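I've put the structures underneath this note.
The two complexes that follow have chain A in common; it is paired with chain B in the first and with chain C in the second.
After this line comes the complex of A and B, so read on.
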């Protein structure tokens, strides 16, 4: 279904939702499974318009729930279609049953997530808990911090997930509102570039009446472990593919991303923030301000959490004295009794011989912005720890403490 | 890297993501057969219906009833003829153990199997050429001594196997007990004559008026034939050991019937006749006595009531309808009269132990009864006349000594019928003699071909339990009754008492058959399967098969199988943990068993290109 006809490279001002929709269009998806929930709805709205006005030739299926959305996606992908779907918040949760079957049957479905805080109460604000709760289901997962990165991540995720060495589904996440509804300049590529970058999807064993195969058969218990092992292998093997694809993306489109972490002003930093997603943008400003005051603070932004770049995180964070993990997610009763990122960071650092002190900041919860003065506050906390040389309070609820 | 250095052993090598070729494709079932959803798989496994099991010659009764249902009378006749040379005879005279065993008897009324057999037998009689042909001649000569049921059956089967058979018959007419022991009003002579003709058509030589021991010696038999079947029957009547038994007017049951049957009887009976004995022959004698001019016939039995008599209840009922009286609990102790019988002296008597199987205690202290008669017919059983047999083959009971295959030692002599069955505990019946003759013929053939005789080892699953079938499919329906001549008129004629079934009656009665445990092509499994898992090239018995590639083991076909032919076989052998993939088509003696070889090869066929 080649429909993006000879589009020329151009820069447009669009928000994250539309950037995701544009990426789907450029990826020339075959099937779109839609079910509305704020804030990602705008993506499906944009795609509906594209299909309606002939810009995109795809099956646009309005499901009756997120569970159906993902079921449709699973079936469509099994038949060999490139599939795009998405959701937010509790919608992500409602489809939970399908995450393991889709990755287990190795169907590279792509799902766009515009984060939304989980109920209760109803809250449209961004919090990463919705997608993060599925982080171990075998999906590739990472956060963008602006519309351009979202666009790019969507294209790269298709390329990675559909690679025959990988064949895994992808969750391409962006913060609700902070990315999904904030417009920014997005460079849309030349269709020829996309064609060069992203070959057509070809599953090796699609459902096809001319070549019948069985998908998802019932197996004996002893046949389970080899399948799990192979899924684990695929997840690990994807790391090399992810790096390759980022290189190639840079060559074709001219934008180079570190696939794992973005480091900002870390060269001589002693304390750093560690976070995912949109708050990285505010963090950069805050760090610049604090640098002007002579504080040795920097930012490490995790771009891909699944597969988790354990060794890279260890290597990067070992350079610093204190790491402040900004969670933006709920991990009730977790390691830090804060969010779930803290545990991931600490585990990566455990084998380091130069372990920094690690703090967990509960900030950006419920979709609240993390304002500059909160970054200053958190920097102070980190520097106190650095001075003291030990942690007295592991987790801080930012905005609720002096 | 957690997966670094991991290895998946060969036996667990898995296709990508478990995606496998469809079960219908090559290697499609190697790792992830759809069948793993199942805990059981349906299997067609034909059981033995109780009628077939009870039949003395194991006629495929369910099989021919099923063919009659479909109007395939000739096929049905041919099927009977595999085991039974003369269905026209047994269709009249058989005491039908099949009907006693019929499962339908526990439900409403047993199938009138004998009447359907007679319908088919008479159809066979009308054929200008029989459906059965002689086997390819193998050059071996067999003598069959005796042309009664056992000899007839053995000769018939041997001719089919290719032997050159000669029947040696003592009497001037062939037929043995069929002719001499069964009255015309049960079995008309012309029916039997036609069956004897069928033997001649098979190339069998029948030599009548040839008596072994007189005209032909043991050594002659040994010299002139490759093998011999002795089916000489029980020819000598037992006596009641009463004084005066040799008086004029005293007859013995079987010779009485035989002389009437052979047309050689000069008997003229008086008005009052007593028949001594309580068995089937005694009943036939009593009823024949009426037809030979007697006015009052009384049966004198040691048995103390009718239920104890070793006789067919139907025949007893028909006899009583014709007006014969019963006098129970007496033994004849003396035949009174001056040269000619005038009366019987009776003393109370009873069996000392089991009924009909223990010595009789006669109470000679009691006051004797004087029972006035003009004639007496003594019918208390028969014994063998085998003086010509070498002593080594005689038993203490005066019968022929055989092994369990009917063979006399290591000789090529075999024996069959009443001569070997008497005293075995088996009731002496035509059909049992026929079965005996058949089995002995097959055993003889094995010996001739140098094969060893082995007892049967395949377990037989006879389906007795109605719970193994789905009775909701069988509405209650009464048995079709055979019409009979009215008692008053029939007691004076030689006309057949029991009337044949019409075609409609035969079909109606065959339709009542449950087909216990056996596929009868009802199509139910084919219709109820929620998936297209049941295939059949045609709607025909034994042609149904389960496409195990698609079967989910839902059991619907098994539950809904009216006859209990389908059963569930566990998919997993829980003792060994081995998945059984070879149980789709159980090898059993039934119709599906016959298909098994073909069905087993299904998997080798090339996959369909969809």
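After this line comes the complex of A and C, so read on.
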């Protein structure tokens, strides 16, 4: 039962990268596959030091590429080990081949992503395109907006992904620099709490010489759909598990998150921002300022994008007149010719009786901070649309227009 | 942290008094981790190799199969011929997936999560995987010295995809990506990557050896030496492909001997303790390359000058092993002493039929 009061917790000031490393340590991972690329590298640096200090007993492997990182993780997870890996930007894409085989073989590998803009050019800044480009590969996926949430999401993701009803890999994402390199107070739990929350990893069919199994034999076309259907169902079924695990987490650790969306000042809001990750923190301040001026603006921050909470997004966003999607990702030639989130939002709203007008804001691109005045500017655009009752320009590149 | 010491297996070396001769050891291990019923071609060299190597390893073994013939033909339609755990992995993941399995067992045994002797972890990579797309992953696994054995079943081409040139395809070898024609009479113009020496030179702490299906006891002993070696080992095995080489199916083992006897597949071991090559393996006889080439349709288009080029290549291999060349082999490297196998037009006609 809940042991919050009995726990020997401590609060430390760490950044998102170190928070992710701490979570891996608390999860007592067996195999770590590292390869350097900024900004996620700091997570692996922290883990290397923990192994060197004897704080964590794990095989720490410096892989020869991200493709190898994910292959090592696949092999280790298939053998019954709890695995931790991670990457950023083009590194996420170098490993692309492995995402479907890992989710298809139902191996709950955990991967930390600290977002980085894709090339060209060599831009270190955060943009969600790296992880989002893999969004339909069968990995559970969601963004944290600060270091504490990152720590918590990593622990919850292991519990969700390793649940025998789910058995899916997890991408636990955080914005590069805005979360990965900004320190904040993080409450580290007592190891007894983690033991209570996260049972040991036990895959039902590992590569074990005492119980021989074959993983991934080649198949006939008609043998493919049943396997695809099982994977799709695992993704669907994970929704109930995700809710259960968030409840359990709140009971044991005392922090309660809505697994799907965070709503901020939405009670009487008429226009809202819809976004993922770190810019939610600035958005909260901007909204408070605008509220002081009497503007009815709010924030809906998506916490889990895979599985996508379609009904929840529909139900929440149908309450408003205008939704401004802040993309922070590239969807070249996509539905809105902006980012890929717009399409996800509109699809969820299609079946609603009260559809809000939806705008796509290309902001936070290339790792640029979205500053307060840009939030004010976007709010103005949303208010204009609300007044007019229709959309004249679907997509705005923020900072490139008057 | 309290840790448990990892216990490792030690497999006995089989009696092999005359390694280079036609010799059969009746004391073969009885275990058959690789059983009949798979869908490989008649005379398939890689599957003969698979049976021998898994037999040598025994039942406390985990097999890793990157994409290639030994993935597709063995595991067709959800049926597999493995009596031990086996996992498919991507063609470029040969070394890395295998490293993951090895690392998992190191950690799980040490942390008391799995009890028993460390399993034999064997990767069966084709030469396309080992010499091209998965080269870095294998180099990584050898460099990091995971306790595993990586075998390259070398059929000198991408056979599974319909016979395409790999960087192991010999000079003059016809494939669908290196067909002969009037402008390119020799077919493949490049010489093969010396993969095994690359592995030995770059990872001198590893046990590295070459072997051939023509010498089964030698092959099985090299498998066991690789598995007994604590750390990573690499074995390169000549495994003829009837489809790609175009020969009579009962002659797979003959080719496995001829390729060694004609010097095109040097047999050696790299001894990691002494940091030295062991060239003591001697085939029963030495032959000109033409005796090997003429059995295979893939070389049917070669002209005298191409055969001479291959003989020069073989002679260099003998010299690298410190073998004194008989006069006949020196003579055979001169095109004047050789005849064409076919004209370019005939060769192009043959290429059409593959």
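Everything below uses one rule, namely that the second predicted complex is superposed on the first by the 394 of 402 C-alpha atoms of A that agree within 3 Å, B and C clash if a C-alpha of one lies under 4 Å from a C-alpha of the other, contacts with A are read in each partner's own complex, and residues count from 1 in each chain.
Everything that follows uses one rule, which is that a contact is a pair of C-beta atoms (placed from the backbone, for glycine too) under 8 Å apart; a residue touches a chain by one contact, two chains touch by 3 or more.
Computed from a prediction, not measured in an experiment: that's the story for all the values here.
> Put the two structures on top of each other at chain A: do chain B and chain C fit, or clash?
Here chain B and chain C cannot both sit on chain A without a clash.
> Please name the chain, chain B or chain C, that touches the greater number of residues in chain A.
C
> After lining up the shared chain so the two structures overlap, which partner does A:214 touch, if you call chain B first and chain C second: first, second, both or neither?
both
> Going by the contact rule set out at the top, does A:64 touch chain B (first), chain C (second), both, or neither?
Touch status of A:64: second partner only.
> Just chain B (first), just chain C (second), both, or neither: which does A:232 touch?
first
> Applying the document's definition of touch, where does A:204 land relative to chain B and chain C: first, second, both, or neither?
A:204: touches chain B, not chain C.
> Which holds for A:106: it touches chain B only (first), chain C only (second), both, or neither?
So A:106 only meets chain B here.
> Could you look at A:292 and tell me whether it touches chain B, chain C, both or neither (first, second, both, neither)?
neither
> Give one of first, second, both or neither to describe whether A:74 is in contact with chain B, with chain C, with both, or with none.
Second partner only.
> Of the two partner chains, chain B (first) and chain C (second), which one does A:223 touch, if any: first, second, both, or neither?
both
> In the combined picture, which part of chain B sits where chain C already is, 345-353, 417-425 or 543-551?
That would be 543-551, the only stretch with clashing C-alpha atoms.
> Which residues form the common part of the chain A surface touched by chain B and by chain C?
The overlap between the chain B and chain C interfaces on chain A comprises residues 105, 209-210, 212-220, 223.
> Would you mind writing out the residues of chain A in touch with chain C in their complex?
Those in contact with chain C are residues 30-31, 33, 54, 57-59, 61-65, 67-69, 71-81, 83, 97-98, 101, 105, 200, 207-220, 223.
> Would you tell me which residues of chain C are touching chain A in their complex?
Residues in contact with chain A: 1, 3, 59-62, 64, 71-72, 75-80, 82-90, 92-93, 95-101, 103-108, 110-111, 113-114, 116, 119, 136-137, 139-140, 143-144.
> Over in the complex, which chain A residues touch chain B? Could you list them?
Counting only chain A, the residues touching chain B are 104-106, 167, 204-205, 209-210, 212-220, 222-223, 225-227, 229-233, 236.
> Report the residues of chain B in contact with chain A in the complex, numbered from low to high.
Chain B reaches chain A through residues 1-4, 6, 8, 12-14, 16-25, 28, 31-34, 36-37, 579, 610.
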